[in-house]
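What follows is chain A paired twice: with chain B in the first complex and chain C in the second.
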Partner chain A sequence: MTSSNFRSWPLFLVLAVISMPLVIMYVYLFVDTVTDTTAGSLIPDRFTLHHWRFLWEEPETGRVSIWTVTLNTFIFATCTTLINVSASVTAGYALSRLNMPFKRFFLGGILTLHAFPTITLIISIFLILQMIGLYNTLIGVILVKAALELPLGIWIMKGFFDNVPWEIEMAGLQDGASRFTVWWKLVLPQVQPGVAALSVFVFLSAWSEFILPQVLAPSGSAQVLSTYLSNLIFDDMKPDFNMFKSVGVFYALPVIVIYLIFNKQLMNIYGGGTKG
Partner chain B sequence: MRISIENFTKSFGDTTVIEDMSLEIGDGEMLALLGPSGCGKSTTLFAICGIHRMNAGRLMFGDADVTEVSSQKRNVGVVFQNYALYPHMNVYENIAFPLKVRKESKAEVDRKVQEIAGLVHIGELLQRRPMQLSGGQQQRVALARALIRKPDILLLDEPLANLDAKLRLEMRSEIRRIQLATGITAVLVTHDQVEAMSMCDRIALMDKGQIVQLSTPKDMYESPSSDFVAGFLGNPPIAFLDGTVADGGFRLANSQVTLPVPSGIEVPGEGAPMRFGVRPEFFQPGNPLKVPGKVSFVETQGREELYDVTLENGAVLRSIQSQNAGFKLGQEVSWGIEQDRVLAFGPDGNRL
Partner chain C sequence: MRRAHLLGLGFLSPALAIILMLFLIPVLLTVMFSFTNMSTATGISGGAYEINAASLRKLADAGAQESFVETLGKESFVVDDAGITAAAAAYGEQFANEVGSQMLGERFSSRRDLERAFRKLKSRPRSTRDIKKAADLFKRSVLNIRFETAGGLVDAVTDNGIEMTPDQQELLTKTIYTGWTWTSDNFALMAQIPYVWRVAGNTVLYVVLTLAASVGMGLFLAITTFYLPSSAASSFRAIWFLPRILPNVIFVLMWKWLAWDTGFLSSLLANFGVPPRNWMLDTGVNAWVFIVLINGIVGASLGMILFGSAIKSIPQSMLHASEVDGASRWQQIRYIILPQLRWPIMFICAYSTLSLLTSFEYILLSTDGGPGGATEVWSLMAFHTALDNYAGNLQYGLGAAMALMLVIVGILASLVYLRIFNFNDLVAKPRIEQ
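After this line comes the complex of A and B, so read on.
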């Protein structure tokens, strides 16, 4: 900073001291995954990849391979995103443009659902899933997660559609395009920033979801990384904290990468609009 | 292609915007729908292109009844007020969109886009995005897109409203040139009488959902059917004098001055209210029918000067004179009205 009318270093110093604990925690999270430290000491004594052995070693009997779980998590997050985004763009468009009955009721309902503490529904969802045979399956969790994220998605997409000028659609119709072509080729590209932001948002939300998989698909082949991680410390007689940290870092890496790549799109989510 | 609107009625909810309107537009003609905001001119335009459904009435293109035909199948090109270009496509893709929708071959699309781009002078802008264009250029693109599939009818909704004054002048003649070059039937919606008069063959002046007068610009200017029409056309606007019929003449309100009525006019009964409309060019120092007053406002317009003259009864007449006439604010003058060019209106506002 070259501004001469105030010195910025005291401010930086204060901020640095305040954020130090956080930084130290993050640093040790990474350091501990590749080192061994004697109890009571802060200085790591040797480098090792032992804590990352879950990546290449055969899982113990009764445990699932981390790669299966990662694939599950990926499928879970991707499918949730696809279902959620496709329902949100169509529903959002309908609420924004179509002259449908009970529109105000729907809009009010969506806002209410968005504010609703979904965790209170978990017992009834559990019973329903068990009744229709989707308990302890990935499909069940995907459907539930996609549905619970819908109110937010619809609301955000409606906001983006509201900002698309009517004239673009009228011009499209006049140019001879069908309603669907107009929506697909003319309107949807205008809300593309919204679609991108919502996709990333829902993907990350599903990736980090813990309660739903834990309750609705707790064991076996439907496990995801969050439940795998929790099983790791709950199940073992002798918990391996360094391995727990390694799995944690492994679990968080995609999130960090996605944030780094898409942070511009994520900023968009509360902006909306068609900035050409 | 000839357009005829028969007994058109349109309402939104409980408000009837247009009631029982009929209008015929000739083949190759450019017609202006002119009127103040909220008079129903845009509603009429959107009914012609099919965006609004008609509540009652019939719409014919040539001999075909298109009342129930969807927008897509009407073959009407529209230029919207804000141009409605597709922001995610470049100029070429924008213009080509109507052809792509009809799945024409790539070579055919390319040939037609080049041709139309040449006509509207945007050949060198084809790779740009709409956001990178000036208002006038966007307008040209919108025109090109509306014209590319050779529509039967071109509709223009306030096409010049978003342009600055200089561009407006340029695009006014450009749109007319393109319309004449293509020979297309065109309808222009505007609230600016200068646009309507300078660009169109005929003007339909609308007020409160009705067509008040339908005639050529010159005819509408010289013989308006009512004081509303007379007041809407002309810049600077016409000045009105209120008064009553007295002794077969026109007695100014709150005054003893009586003016003779223009020849060939049927004067309403004694004491009936009447209005005189005097255009600024017919109130000049040289005319014989003198009215005394005081210069109350002077506006220099460059080539001409505009004067407001307040008469002794408080009414105001306007006069436009070539420059250097040298009259001062507050000066007592006695200028004359050209008697035969006075427009006389009856109690209901209609021309006598």
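After this line comes the complex of A and C, so read on.
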């Protein structure tokens, strides 16, 4: 809101100053990937594509090609999203609209499950996956990630279903459709924005996930971009930040593109948190 | 059960199956594992019984009598059928028959005794060396043999002529088992870890500081961007929202670059004669500043969005009216905006306390608990103990016990929150089937 009672430039100045470190980090994140800087200087002085060589050069022995890793990450994020969204959409509808025994219990349970983030489960999940032989596979990580995001997904979808007018469903039933048809043909289209928002959210969250792949699928064949990048950073005694940043920008590009396209839908989820 | 119930449960079943497999069972197993001594050394499947030099040392440490340990470790010489057959093959039937007829079933505690007995026989081998070798054929020992069951081990030990009291037998089978066993020691062990209280303190410090930073910054950002023209406001919002969606590895990488000894801060300060150093890992205080900044900014993004949308829902007329009455900006914030933000602030506090308590990704990636454990928090300690430590022996049991503490705190807190946030309002009565 702007007003005539007070000027806005002092505020602008204050915000600009405290945003400075972040802006510097963003700018250098991109600039450093295509330039070289003389040691000790702050201003880059040479243009180079050298730091992007990981895209076309053969990987060092013991390292996996970035393209395999990218494909893994894509499969991981997509499958997680599919599983999570399908389970959330059905469960959200059930909790929002359908009558069933123990409904309160389920709803409370899902809220409570939200209080079990990764660390409280990861030790036993690690052991379970080892016992059933899914350790070090993408399938294992996909299932775990989809499950860990499930309480939030159900909760968000329930919120969207709650906002669909009952009249739509009742009209459908009057016309002789079954509850399932009503859900599939009438209610689901109403919550499409919700499904889109949740999909984007889960996809981004899976794309960025670090701890789960690191613990549950650390070896080469199932590596994803986050573990690839962090291994790169941890391995090197002499850090080559320009190269790290290039890999980082490569890794972050889909996130930034998705953010620019789905800005509104994302705000729906992040901002809708209070609504429940 | 009515048809409508089945429909509801059917819709819920995929989610229920996933939740059962990957939430409930893991939680139950966390409880189970926290009462075991599982570790890399014990493995996660069963173990075996084996007496060897290492397990004998363990036995002595566990308080077994010295004489008992010594007898277990000693070899004994038993004249049995297996030995006689071997002797027949090596030194002829005659010698074997004589041994069999005269000494079958006898026991000797040392080779010299057996050799002495052999020398009395007529058909003994000629040379001393051969007698020694023949004696070796009768050597029996429980050392370095794997037994799948405790019973097999006990039988073998008694077969070798070692008498055990029931107490000794229990101590033996308990100590030398290589697999995991049930135990409630983990919680006592946890209390004995010298730095555990410091870690607990760190955790409280981390939650309080980060929460204060993120709520404070979130409020500040939401209110200031509210008062800016919309174009400027949305660019600032974009700048401050990015940390939330950037993958955490990259976000931490940017901070590492900022703080590295060849990084931005060092290069910048070199112009003022400050020697370069790693600003993040230099001292404990520095590490804390970075931890709080990194986590606080990510938290502030969420706060900014939530508070921002709450401020937007304040009726504009109230603000306009206050302006006509000549309210200063501070008065507007104090008397109109902040009261409207009571619920969002409470929500963020509740939500973030829980998630901060258990989150450790940013700390793991930036300082990894360092320098010297200064920024180690509880969940990171559990992670280090069970899944990632330099000693190489991952203590799943102890780590699970540490995680269990967090589970308990989490459940208690969410029960309290369900009270505060009025759970009943969230459950709507279905209107089609009653």
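Everything below uses one rule, namely that the second predicted complex is superposed on the first by the 259 of 276 C-alpha atoms of A that agree within 3 Å, B and C clash if a C-alpha of one lies under 4 Å from a C-alpha of the other, contacts with A are read in each partner's own complex, and residues count from 1 in each chain.
Everything that follows uses one rule, which is that a residue touches a chain if its C-beta (ideal position, glycine included) is under 8 Å from a C-beta of that chain, and two chains touch if they have at least 3 such contacts.
Note that the coordinates shown come from a computational prediction; the quantities given were computed from them, not determined experimentally.
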Touching partner for A:P165 - first (chain B), second (chain C), both, neither: first
Per-residue touch tally on chain A - higher for chain B or for chain C: C
Touched partner set for A:I211, first chain B, second chain C, both or neither: second
Touching partner for A:N99 - first (chain B), second (chain C), both, neither: second
Chain B versus chain C as contact partner of A:V17, first or second or both or neither: neither
Partner chain(s) touched by A:I43 [first = chain B, second = chain C, both, neither]: neither
Residues on chain A lying within both footprints (that of chain B and that of chain C): 170, 173, 274, 276
Chain B-facing residues of chain A, complex: 165, 167-168, 170-178, 181, 186, 189-190, 192, 274, 276
Complex contacts: residues of chain B adjacent to chain A: 49-51, 70-73, 76-78, 80-84, 86-88, 97-98, 101-102, 129-131, 145-146, 149
Chain A to chain C touching residues, read off their complex: 1-6, 8, 11-12, 14-15, 19, 21-26, 28-29, 32, 39-42, 83, 86-88, 90-91, 93-101, 103-104, 106-108, 110-128, 130-131, 143-144, 146-148, 150-151, 154, 162, 166, 169-170, 173, 179-180, 183, 204, 207-208, 210-211, 215, 225-226, 229-230, 233, 239, 241, 244-245, 248, 251-252, 255, 259, 266-267, 270-271, 273-274, 276
Touch list for chain C against partner chain A, complex: 1, 4-5, 7-9, 11-12, 14-16, 18-19, 21-23, 25-27, 29-30, 33, 38, 44-45, 221, 224-229, 232, 236, 239-240, 242-250, 253-258, 260, 262-264, 267-268, 270, 297, 302, 305-306, 308-310, 316, 319, 323, 326-329, 343-344, 347, 351, 354-355, 358-361, 364-365, 379, 382-383, 386-388, 396, 399-400, 403-404, 406-407, 410-411, 413-415, 418, 423, 426-428, 430-434
